[in-house]
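Two complexes are shown next, each including chain A; its partner changes from chain B in the first to chain C in the second.
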Partner chain A sequence: MAILSLAWKSLLNRRATLFVTLCSIALSVALLIGIERLRIETRTSFTQTVSGIDLIVGARGGSLPLLLYSVFRIGQPTNNLSWESYLDLADHPRVAWTIPLSLGDSHRGHPVLGTNQDYFTHYRYGHGRPLAFAAGKPFADLYDAVLGAEVARALGYGLGDEIIVAHGLGEAVFARHDDKPFRVVGILARTGTPVDQTVHVSLEAIEAIHIDWQGGAPIPGLTISAEEARAMDLTPRAITAVLVGLDSRIATFRVQRFVNEYRQEPLLAILPGVALAELWTVIGVGERALLVVAGFVVLVGLFGLLTVLLTSLNERRREMAILRSVGARPGHVFALIVGEAGLVTLLGTLLGMALLYGLLFIAQPLVAAHLGLHLAIGWPAAREAAWLALILTAGLATGLIPAYRAYRTSLADGLTMRL
Partner chain B sequence: MTTRRLLLFAATLLMLAACGDRDGGQMGRGEPAGDIDETVETIDWDALIPEDWRPETLFAGYDIDEIDDEDPLAQTLMDKLLALWREAPIVPELDGRRIRLPGFVVPLEGDGVRIWEFLLVPYFGACIHVPPPPANQTVHVVTEPERGYRGALFDTVWVAGTIRVVTGATELAEAGYRIDAMRVTPYVAPGVRDD
Partner chain C sequence: MRTAVDTTADPVIRLAKLAFRWRTGTAAVLRLDRLEIRRGERVFVSAPSGGGKTTLLGLLAGVIAPTEGTVEVLGQRMERLSGARRDRLRADHIGYVFQLFNLIPYLSVIDNVTLPGRFSRRRRTRAATRTGSPEAEARRLLAHLDLGDDGLVRRPVTQLSVGQQQRVAVARALMGSPEILLADEPTSALDADRREAFLTLLFDECAATNLTLILASHDHTLASRFDRAIALQDVAPAAAAT
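So, the complex of A and B:
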């Protein structure tokens, strides 16, 4: 203990240099643990979004794009699938429930999703939690809309407000379905998934707002009013994707086969778990590269510590000599230097973690608003703890080199010092 | 594994062999043996098909060697065989047995690090060229989330646990197997102890 307090006082004496070293260690620790944290949190956030869905069915294409556009609203759908194919799929004896999804329009940068009541009944997130309403109820009328939590918060909407859906994606859109405004009837509770970013309307509504767009744009003079559209046949002709739940998971491959071999139309069925696993394999390479770089940054920080300790040895020759002359053994001097290195690393690590948590608290609402992903802020995971332990060990080890030099320096060296 | 490699690298750079035993890589391994004991019996995929389920009986009365490939009878027999195979009968006696079975992981539920619900299949990635494995060659594995397998798609693993015969919810649904897994460990060829 005496050695520790001596190390502390000695540190205070040289606080300027050591503070800079401390900061470099703190920054490198924040970087390393931050990357590790983000890696895990993105994965958790992604897997939280698809829960209990056995298959995702869409137009034939890549399995990753299908997963990304259908559930995460990332990227563009390659094609639609016909309503008849959807009915065939929903009729399959092993299919327990389906959620049809129709994408492509947006409201002030937020995707508009056409679906049906099954969405509110069967969609699960965060390992089995159903969607809940913060206010209002599911859509019932043709021009009803249900908002995700983040849409309502960011745009300041409440129940009863009118919104206008834009044709296509993007925030500034010049083609708008302003002849058929929607009324907000429900606002969903926050889920921490892309659902928060989404405006939900019925499939029939998607059909209704496009009813006079058959030529790719509204034809002047041929407009159909909102009320006229109600009277027309609004059965959807095509949807973008279907989320499928089966009566037994053992049937997964069989239904997947049924979809992939469907003769009327080229379709693709994917297992969300498999597609996600593929995604991790793809981005795993980038993650590893980032971790290696961050590891090197920590290493550079530790080298900085080593430099500072080695240079300080010279200016501390007298200090060491005095310690020795009042009875400190070489072992004490050794422990003093190692303790100092350990203390600086420990403080650097703590400061780094504090910095990281500070940044996380700032980033959390921003990430939720822009990406719809929820960054959970919790205690360090086992892997992070292992990283921290490793850094601390490496810090202590860094101290061994200057400590050994101080250990070898004779008592006489400091006392016969030429000033 | 990255942890381990980085660690070894850092250790070498710092000329410090001593911290090599602090091995982050070990975190990727399965849970300790715990409640798995000697009563666990290692089975193979054939054990999931009833022994008396013999497609050969279908051919009784026919001399296979005499039937030409072009013979319509050959096609009929083949169709019958396939239909029989699709029925995928199960072995009810397996229900409740504590077994160990190797296979490939097709993930269903997990958090990106652990996989706690997956389908175990006897072969890998063949979903495109031939029909998928029949229901009696697909095992639904469920573990507690904390005991989830830390690994990737199509890893080969040993699954140890209690096997259950699950009958479908509807009449049309075929029966199948579920393993309530105690332990999922990376596959090691038989004969080599994995723990």
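So, the complex of A and C:
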């Protein structure tokens, strides 16, 4: 203990130099743990979004694009499946529930999702939690809309407000369905999933706003007003994807085969878990590269520490001789230097974690707003603790080199004060 | 197992047929056929620069071990003790004063004086039994050495004058009442007046605790104030002076 308190005082004495080293360690720790945290949180967030969905069905194509656009609203659907195919699927004896999804429109950058009441009944997130309303109720009228929590917050909407749906996705859209405005009747409670980003309307509403459209543009000369549309047949002709719940997990592969071998049109059924695993293998390469880079950044920080400790040794020979004269053993001198290295690394790590948590608190709402990802801010996970322990050990190990040199010189110098 | 140190041993220090060389094959930097120092004696050791003064003090302090012969301190044969044992003996029983730069710059004056207590329980408890606590003992010693001024004690050690630094160093060496005080040219950075005053204070403290003082210097004018003066060149021609 005596030596640690000496190490602490000596450290304070050289705080200007050591502070820079400490900062570089702190930044590298924040970077490394931040990447690790983001990696885990992204996965958790993605996994929680598809809770309780047994199969996702869409037009044939890649399984990853289907997963990404149907659940995460990332990318654009290329093909639709017909309403008849959907009805066939919903009629399958092992299918317990379905949620039809129709995508392609947006409201000020937020995706508009056409669906039906089953969405509010069967959709689950997190560990099987159902959707809840923060205000209002599900859509009932043709031109009713239900907003995700983040849409309402970001755009400042309340119940009864009127919104215009635009054709196409993204911020820059050219055509608006401004002849058929929607009224906000419900706002969902926050889920930390892409649901928060979504504007929900009925399938019929999607049909209605496109009734005088063809091939992505209004039909010239044809205008059907909102009220006239009500009287027309608004059964959807096609939808984008279907989320499927089965009566038993065991039926998964049977229903998947049923879909994949469906004769009327080429369809694809995917297991969300399998598609996610595929996603992780794709992302994993990048993640590993990032972690390796972050690891090297930590290493560079520790090399900085090593440099500072080694350069200080020569000017500290006098200090070592004084300590020897009052009875310090060479081991004490060794412990003094290792203790310093350990203290700097420990402080750097703590500062780095403080920095990371500060950044997380700032980033949490931003990430939720722009990416629909919920970053949980919790205690470091076991893996992170292992990383931190590794960094601390590496810091102590860094101290061993100058400590050994100080040990040797203090033995050789004895009580001579070489300067 | 702790080595039984005989604190009442007299003579306190006994050297016989001593030789020290830094490397085998080189000439000895120090040779002493026989030297005994009694309890409470004040001994002046003189030698020209490189004449083995620091080596002798290093041997007595147990930082280095003799190449030949015996070094007996407080009844302990130093050459037979391990490095750790010698370090322990030094921590518990020996105070040391350097020529210059005695103080650790990042510690306060009080922390510098109480430093031996960090490495020796014996000196910590002896200081505490004497005045209550190591800090109180540090203040008492500083006051005895004309450093009682509170503002002075609180100043960073780097702002003290050389003379003040040397007296703080003596206070540290006396901390926890060791039996032996070794001083290596402690006065060479002081002017003549301060040198006399410094020695007077040092002798007073030694007399008060019956401390054995061994002071090495090349300044022969000091010798007259000591009980005994030893000139190292008489016994060890400075053959290997570097």
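The working rule: the second predicted complex is superposed on the first by the 404 of 419 C-alpha atoms of A that agree within 3 Å, B and C clash if a C-alpha of one lies under 4 Å from a C-alpha of the other, contacts with A are read in each partner's own complex, and residues count from 1 in each chain.
Basically, a residue touches a chain if its C-beta (ideal position, glycine included) is under 8 Å from a C-beta of that chain, and two chains touch if they have at least 3 such contacts.
Every value quoted in this text rests on a predicted model; they were computed, and no experiment measured them.
**Q** On chain A, do chain B and chain C fit together or clash when superposed?
**A** After superposition on chain A, which the two structures share, chain B sits beside chain C with no clash.
**Q** Between chain B (first) and chain C (second), which does A:197 come into contact with in this model arrangement: first, second, both, or neither?
**A** neither
**Q** Counting only touches as set out at the top, which of chain B and chain C does A:116 meet: first, second, both, neither?
**A** After superposing on A, A:116 lies clear of both chain B and chain C.
**Q** Looking at A:292, would you say it contacts chain B, chain C, both, or neither? Reply first, second, both or neither.
**A** First partner only.
**Q** Just chain B (first), just chain C (second), both, or neither: which does A:98 touch?
**A** Touch status of A:98: no partner.
**Q** Return first, second, both or neither, reflecting whether A:386 touches chain B, chain C, both chains, or no partner chain.
**A** Only chain B; A:386 stays clear of chain C.
**Q** With chain A as the corner point, what is the angle to chain B and chain C based on their C-alpha centres after superposing, as a multiple of 10 degrees?
**A** The vertex angle at chain A equals 100 degrees.
**Q** Spot which of chain B and chain C makes contact with more residues of chain A, would you?
**A** Here the partner covering more residues of chain A is B.
**Q** Just to be sure I read the superposition right, which of the two partners does A:277 touch: chain B = first, chain C = second, or both, or neither?
**A** In the superposed model, A:277 contacts chain B only, not chain C.
**Q** Give one of first, second, both or neither to describe whether A:397 is in contact with chain B, with chain C, with both, or with none.
**A** Only chain B is touched by A:397; chain C is not.
**Q** Quick check on the superposed pair: does A:330 touch chain B, chain C, both, or neither? Answer first, second, both or neither.
**A** Touch partner of A:330: chain C, not chain B.
**Q** Minimum C-alpha distance between chain B and chain C after superposition, to be given in whole Å.
**A** Scanning every C-alpha pair, the shortest chain B to chain C distance is 25 Å.
**Q** Considering only the contact definition stated at the top, list the common interface residues of chain A for chain B and chain C.
**A** Shared contact residues on chain A: none.
**Q** Mind pulling up the chain C residues that touch chain A in the complex?
**A** Interface residues on chain C, with respect to chain A: 54, 57-58, 61, 63-64, 83-84, 87-88, 90-92, 96, 98-107, 111, 115-116, 118-120, 172, 184.
**Q** Of all residues in chain A, which touch chain C in the complex?
**A** 2-3, 6, 9-10, 12-14, 318-319, 321-332, 414-417
**Q** Quick check on the complex: what are the chain B residues that touch chain A?
**A** Those in contact with chain A are residues 2-3, 6-7, 9-10, 13-14, 16, 18-19, 22, 24, 27, 106-113, 115, 117-119, 121, 127-128, 131-133, 135, 138, 140, 145, 152-153, 166, 168-170, 172-174, 176-178.
**Q** Quick one: in the complex, what on chain A touches chain B?
**A** 40, 42-44, 46-48, 51-52, 54, 93-94, 127, 247-254, 256-257, 260, 271, 273-274, 276-278, 280-281, 288, 291-292, 295, 299, 302, 382-383, 386-387, 389-390, 393-394, 397-398, 400
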